[in-house]
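The chains carry the letters A, B, C, D, E and F, assigned in the order they are written, with residues numbered from 1 in each.
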Amino acid sequence: MTATPRISRFPVPEIQDLPEDIRARVLAVQEKSGFVPNVFLALAHRPDEFRAFFAYHDALMEKPGNLTKAEREMIVVATSNANQCQYCVVAHGAILRIRAKNPLVADQVAVNYRKADITPRQKAMLDFAMKVSAAAYAVGDDDFDTLRQHGFDDEDAWDIAGIAAFFGLSNRMANVTNMRANAEFYAMGR
Amino acid sequence: MTATPRISRFPVPEIQDLPEDIRARVLAVQEKSGFVPNVFLALAHRPDEFRAFFAYHDALMEKPGNLTKAEREMIVVATSNANQCQYCVVAHGAILRIRAKNPLVADQVAVNYRKADITPRQKAMLDFAMKVSAAAYAVGDDDFDTLRQHGFDDEDAWDIAGIAAFFGLSNRMANVTNMRANAEFYAMGR
Amino acid sequence: MTATPRISRFPVPEIQDLPEDIRARVLAVQEKSGFVPNVFLALAHRPDEFRAFFAYHDALMEKPGNLTKAEREMIVVATSNANQCQYCVVAHGAILRIRAKNPLVADQVAVNYRKADITPRQKAMLDFAMKVSAAAYAVGDDDFDTLRQHGFDDEDAWDIAGIAAFFGLSNRMANVTNMRANAEFYAMGR
Amino acid sequence: MTATPRISRFPVPEIQDLPEDIRARVLAVQEKSGFVPNVFLALAHRPDEFRAFFAYHDALMEKPGNLTKAEREMIVVATSNANQCQYCVVAHGAILRIRAKNPLVADQVAVNYRKADITPRQKAMLDFAMKVSAAAYAVGDDDFDTLRQHGFDDEDAWDIAGIAAFFGLSNRMANVTNMRANAEFYAMGR
Amino acid sequence: MTATPRISRFPVPEIQDLPEDIRARVLAVQEKSGFVPNVFLALAHRPDEFRAFFAYHDALMEKPGNLTKAEREMIVVATSNANQCQYCVVAHGAILRIRAKNPLVADQVAVNYRKADITPRQKAMLDFAMKVSAAAYAVGDDDFDTLRQHGFDDEDAWDIAGIAAFFGLSNRMANVTNMRANAEFYAMGR
Amino acid sequence: MTATPRISRFPVPEIQDLPEDIRARVLAVQEKSGFVPNVFLALAHRPDEFRAFFAYHDALMEKPGNLTKAEREMIVVATSNANQCQYCVVAHGAILRIRAKNPLVADQVAVNYRKADITPRQKAMLDFAMKVSAAAYAVGDDDFDTLRQHGFDDEDAWDIAGIAAFFGLSNRMANVTNMRANAEFYAMGR
């Protein structure tokens, strides 16, 4: 409701003051997206954590594998809504709409993936991701067997678990820092 | 993903076969909105319940009072996401964006109203609504006192509780019937 | 502990001041039962909501179908105790005892229906009702299959879900209004 | 629904086969009550546990102190319903009605003690008992301070905690053994 | 961090002031263990409850049966960590290490028994114990069938349930009294 | 119970096959500790994730700040037991004992930090860490105010939150991979 709402409860550096490698990444994403997603600015308050965060992100989200990019985003969106993380649901909801070329799927998956227009295989993927997010202590052989019945091998299982676990970290930091999603995300891909 | 996805797990009547009063209501909403929201068709499977449902809805959502229409929709959106009801979050999210003339507020309130661009008074309203939805057995004098400190009188408290309770019913029926939100809602008001 | 305990946190109208249709219903129930159940007086504070509430109630509880009237009351009693609603457990417990002609079943079903003297079919009915009440977002085809194995068709499933959902609304309003059960109910049917 | 329902999932000894001390206790309670409460027969399957159980019971329920006998039964009834223990709610509900000379209080306390016709001091007692039952790990100095503000000293706190903890054991054994409450209890004291 | 930390929030009697039978038991355990476990002193504040507590304990933990002594301690350790009871996890963890002659098993079972170096039969035993501890109301025939598939008969099931239920009582009293585990326990059996 | 239990459900590389930078890190920790903690080997299955994981770890655990190294380990131990992560409780329990030069504190903090021999300031730190771990969506200004009353500034709050969030990721991956704690950890620092 303020003219320029804060994007983080913590200090946010100016782009020109960022370490060179971080500034380069921020400018690259700005060039590609047309704006700087606030997560880059909010986390740049801690350069070492920034570098590790995005290295981890890229290792999980950019790696080759059997999960499509849209499927990876589905995992982010479903688990982030369960964790009530505004930034991640809004920003990754936009990315999911674009990657899936589907304007409806992000809201469906966020609210209740069991009722979304996705395949049974994708529902099994999200069942596993939600269990990792909420009750990883109970994950066992049965869960891997179920995934296998849907065509996911063990490496896929690691990918699903890794994405759910990493965004669990991201969700917690976004909620603690009051990280604000850029207005641009809300209408992208609709 | 099918050409014409089902809008309910149960039989859905044709408009021309509806009882006269229900058909009139359906045609009126179609004229106003440009389409028939699926809740009207899905619930028309049971005409008596349909009539009671919408009479209750109107008694709570159309009545005069201190809550604005946008605030009433905030209650629907926040509690419906907690109940994981796709239909209500998507459809009432659209109505909230339009009534609040704000393209961001619905997604913010759905995912985590504590971090939304709303007033402290509206957060207190949603704190109460969420307590009614999740733990009404523990509602007591303290909750009414807190509401009063934010300018809500006892009739407002009834309104908030009534909306949370009624949409709790709606959320459950939508989830049980696999009620599908119309594609039109997703982009409205953005 | 006071001589005349309040039956609601909200104002309660006098019978003679009620709108004609509501007064007629209240007098009819008084004639039939020998007293006016407090829910009629407490909800009469809001005539439009009163009318919708009882229309909904009757549509679910008085309609023909495969569920007996006693079974419908079992659903009310089990879900209302889970929601910790004093009014509904006490009042509908009385009705259940009368309709089932069984002085024990209401307390059994309220506290733990899994250990009650009811049939496996009735336990399956209550399993479904409790899931609708507590986790409707997870209701799926498997639940309908289980019901079918116990002889319930899809219309029965709607009945069970509708009753659980409607009394979820009722439980929340009773808890928010501090609705008080009439002393008459406690010993009825014992 | 059977002519003679089983009172336990486990073997139940005949009274004449009981060890002398246990038979004496069973006959004494039968003389006093007019029937043998099933808990005596069900637990007599394990004589050593029987003796320890009732010694513990008597140490907490028969000891002198600031809690009235009715108040001790309130603790049993409230925590046993939270634990969904049919035997304890039904049997101790009867005892509570008799000790409090109040036909309504047991059902009120069972379903939602926050809305029962009891004193603020008794509500504080039950708040503490329920916390011991559900989250004893979080009990701390603040809870003892709150009790003190209501006139409970530390020994009273031990009594409340002991009763809640002991009946937590009882509730679990009753649920595991399918212990059945005698029909006589349901109408006592009404 | 203090020189002599309190072992209970309540008064702790001196050994010489104890009733004869209790003093004898305390001295016997001191002779056997080389120190007096604090639970004996903390509970001696209430001699009648002390006697019942240890009689119950012995009836469950010393009785013959199919469960080994180490297995009984596994039940204590797993359920006590779920109940966040410091005294019982530390003290019975020590006993488990000694009885199992295994320096690792106690910590494994405490934190997550599903990942511990124990047999499938022992995991089934702990699944049942944890269900009794957290959700005894839902224990039913299926649970007994599962136990039977792992070679446990009904008497074993009672043993498992009894231990879980009894230590649930113990956990609650230890948390309410701030019962402190003796320093000696931490390194025993490692 | 097997001679050489597996340390991960996934393939574990041989040290000589590791990428140079990862092998160097593994050999360095081996030199310092006398053994290779299994987390290094289990995560080395995915070199890019390994690098990001340990860069993140070091950024949070090795950075200067107001939290002592022992306090950082307390956060790991408390949140990891809540998440039922065997590897992290055992391994970081060892590190906590060593850094705090206290053989008791790790087990105390793991089971119930509220009852541990730590300062009120440390309890406030762990209250916040546990809230971040379990309910970060509800973290707000009040939590930062409470931390400030205990001498923690906003950067300390970020540190606490970051550690809780990062080990939440670690806990989930350890549970999914069945990561096994080295036997050496159990007795270290006792």
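Please note the rule applied: a contact is a pair of C-beta atoms (placed from the backbone, for glycine too) under 8 Å apart; a residue touches a chain by one contact, two chains touch by 3 or more.
What you see is a predicted model; the values in this text were computed from it and never measured.
Over half of the residue numbers found at the chain D and chain E interface occur in both copies, marking it as a same-residue contact.
Centroid to centroid, with C-alpha atoms defining each point, chain A and chain E lie 43 Å apart.
Taking the mean of the C-alpha atoms as each chain's centre, chain A and chain B sit 28 Å apart. Between the CA-based centres of chain A and chain D the separation comes to 50 Å, rounded to the whole angstrom.
For chain B, the set of residues touching two or more other chains reads 84-85, 112, 137, 175. Contact annotation for chain pairs lists A-B, A-C, A-E, A-F, B-C, B-D, B-F, C-D, C-E, D-E, D-F, E-F, with touch applied as defined. Within the complex formed with chain B, the residues of chain C that make contact are 9-10, 45-46, 48-49, 51-53, 55-56, 58-60, 63, 83-85, 132-133, 136-137, 139, 144, 154, 157-158, 161-162, 164-166, 168-169, 171-173, 175-177.
Contacts from chain C toward chain E in the complex involve residues 112, 114. Chain contact summary for the complex, chain F toward chain B: residues 137-138, 140. Residue ranges of chain E in contact with chain F, taken from their complex: 1, 5, 80-81, 84-86, 89-90, 93, 103-104, 107-108, 110-112, 115-119, 175, 178, 180, 183, 186-187, 190.
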